[in-house]
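Here chain A shows up in two complexes: once beside chain B, once beside chain C.
Up next is the complex of A and B:
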């Protein structure tokens, strides 16, 4: 067990849609510097849990803590400003803006006065955007409209946008979905680099078990909204309940 | 030929006004998904404000924009914060009913305050001049060029300021905007402030050319639908194109179809709307598809 205070923690979290318990009494903790996986069959409540953590969904019962502070009733933009960033299962970039504009918009709004918001972006912000674009190997597309990018390139851009505010933790929702193996390797490498060199913490929803096994130190498994198992990737892959949930074996 | 040129010039001038008049309606719909049925009433308020300032201080309606625009920005910001932000993410019918209620309340409030008697702003330069044999009304020509200037400024604001880009981001994807720290309800309030100020400004600009009365709003709201269907949601060039098309169509019909006259402009507008929706249900420029401020 980790003796540190969790960076992100959920205690007995419930989310209902009508009579359906999409998240059913889930406890979990992610510690600073970890890369943690969150897996489960389709409809097991993974994305709903992400929505609850980022406050896009309100929870019906339980508590959520970030950096030791309860965020159960904090608004999504405030959670983002506290240092929690995410990507989405269905990629959400601003298709009518360029790659650079997409990056800049992700660090535009920090409670500044209206007059400041009428000024162009700060040079430091633009430097950071260009640095991240290069880091994600998108520099040849800097001035291209996001709507013209391939699915994989948009996925990289979305990760870059999430990195722009320099968050403490990144929640990536199926970052490898529909992406070719070369880009998957780039994403894997960038996550590893950010974790090792900058101490960034990651919580990853994935169906790509190899991706999870290569990156994660711990994995949570959800099934029908409940936590089915928790452990190292090796333990999870040998867990009979997990195998049954995935393959019905 | 002279008659055609005259109708074309008058239609273009009218279209310029329509373009600036519809911007607020189109952007609120585009950014928030709210169809503001009180749109015409804010134009009515602008016209009354110009009349009141003209009557009390002799202030020219165009000069009164310096007062009307900031005051109506605050009104729009407050309306959004107090009322519309509470329904903006609920089913569309809620916002429709709320803005319908605002529309009725404002029209009747102004009737109580000012009575139903029509008012006018008799500026000294309400004449016309000749240009290549075409008669150009001075006020409408000023409105046309001011409309172009306003649209240019708004385009620059939306594309080159962080605030404008935040509005565009919120229009394209509000969850993605929220998750990067954009305070979406504040963006909505600023958007409503800008749009309602623009609408009232349009009302003030047109005050020298039309009778001002409390129930003058609804025909403009209806025309705003047609122009939006023509030009698209939240699109500034689209608003200009839509406005010009409607303006020219109205004037051509009034000129060449016997017995119609300009008073049936709303009918022309509706026929045009029905034709567009039958031929191209997504709008002429595809602009009734999901909202993206360009």
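Up next is the complex of A and C:
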């Protein structure tokens, strides 16, 4: 077990929708520098848990900690400013802005005076945006409207937007969904590079088991809102309860 | 395209061209009173400036931020009544009496303060809920003004000291319009402007990327309310008489919406263009369809939504996104 303080931690987290427990007493922890997978059948509560962690949803019971600080009642924009970034199952980019503008608007917001906000972006912000666009192999689309990009390109752009504020942890919700194998390899390679070279921490929701197995050191499995299993990808793939949850056998 | 950045902007002319043209137009308009025009022509021009300013203000919250305010005329009314009360009622209690210039910024501040108070709860509402809440606010404020007879004069209204200086009125509104449109131009190319558009496009996404959406919306709302209040105060001063039925009229908001939509929601130059077109269109409709002018304007609004949802300038930017644009493209293909 890791002796470090968790970067992101949930203690006994509950989220109800009416009588349905979408997240049912889940405990979990992600440590600095890890790539952790979060898998489970459809409707198992993965995205709801993501929403709770990023404060998009309020939790009904339990506690959430980020960098040792409780964020259970903190507003989403404050969580983002603390260094927690995410992408979404349904891609969220600003379709009427260019790729570059999308990146610039996702910059690090540390607190803004109105006079500062009335200026154009700082050159350093733009340099970082262009660097990330290149890193994600989107440079030929820099001035293209985001609405004109393919689904895969928008996924890459969304990851770039999440990277813009230089977060400590990235929560990627089905980053490979609906994407061709070549782009999946690019995303995998970029995640690995960011993890190794910059020590970025990742929490990934995925249905692509190979993707999880290739990248993650630990995996959590949710089923009906409860934590079904936890372990290395190899342990998870051999776990009887997980196999039954996925295949009903 | 990109104006958010320092280096990504393609050329100096493209960066500053719009503002330079605007300043040139203002300079030309500044000499208009010296071309031998009548007071009536100056009055007409002043009314157009009022509409341009109102439409540009509404566009900041309705077009750029995406919060369609169906009660924005409440700020106009508050500005007008603040002016009326400050110059007619306050001097009864305090002397010396307040001048137009002293009352003017106070009227804007009253409107902005009210925007802060009402914006905190209503800007949490999304889409039509916000629109209806603001419409309700507008109607409620009209009734409050009517009830507060000792202060507002109730249904009888307030008489302001007559001024009747068409040239001064013209220059005041020209300056205010110039300032407001230039401010909107500046905001549109600033980070603040882009955060407003990000809120319009995807508010949850903006919040998740570290933008304090509540604060940005409130600031935009207060700026729009401040200048709308100033216009209301000017209107009261120019009209020399106000009562709830001439100040708090729904049609004023409808006009702001229509002008912004016709020109192009969220664009800088669209609302001014829409205001000019609508003003002269209204003139034609009034002249030819006196009994049906409101119906004609309603039909125009429906046609706008159906065939030009992104307005004139919005369609020029991306013709394929509008019904009219698609029709034009299809016609072009047929000719090929």
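What we mean here is this: the second predicted complex is superposed on the first by the 247 of 249 C-alpha atoms of A that agree within 3 Å, B and C clash if a C-alpha of one lies under 4 Å from a C-alpha of the other, contacts with A are read in each partner's own complex, and residues count from 1 in each chain.
To be clear about the criterion, a contact is a pair of C-beta atoms (placed from the backbone, for glycine too) under 8 Å apart; a residue touches a chain by one contact, two chains touch by 3 or more.
These numbers come from a predicted model, not from an experiment.
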Joint occupancy of chain A by chain B and chain C, clash or fit: clash
Which of chain B and chain C A:100 touches, first, second, both or neither: second
Which superposed partner A:143 touches (first chain B, second chain C, both, neither): second
Contacts of A:126 with chain B and chain C, given as first, second, both or neither: second
Partner chain in contact with A:73 - chain B first, chain C second, else both or neither: neither
Which of chain B and chain C A:81 touches, first, second, both or neither: both
Shared contact residues on chain A - chain B and chain C: 54, 56, 76-77, 80-81, 85-86, 88, 92-97, 101, 104-106, 108-109, 114, 117-121, 161-162, 164-165
Interfacial residue positions of chain B with respect to chain A in the complex: 157, 160-163, 165-166, 168-169, 172-173, 175-184, 190, 292, 294
Residues of chain A touching chain C in the complex: 54, 56, 75-77, 80-81, 85-86, 88, 92-98, 100-101, 104-106, 108-109, 112, 114, 116-123, 126, 143, 145, 161-162, 164-165
Footprint of chain B on chain A - complex, ascending: 54, 56, 76-77, 80-81, 85-86, 88, 92-97, 101, 104-111, 114, 117-121, 161-162, 164-165
In the complex, chain C residues that touch chain A: 1-8, 186-187, 189-192, 194-195, 197-198, 201-202, 204-213, 219, 318
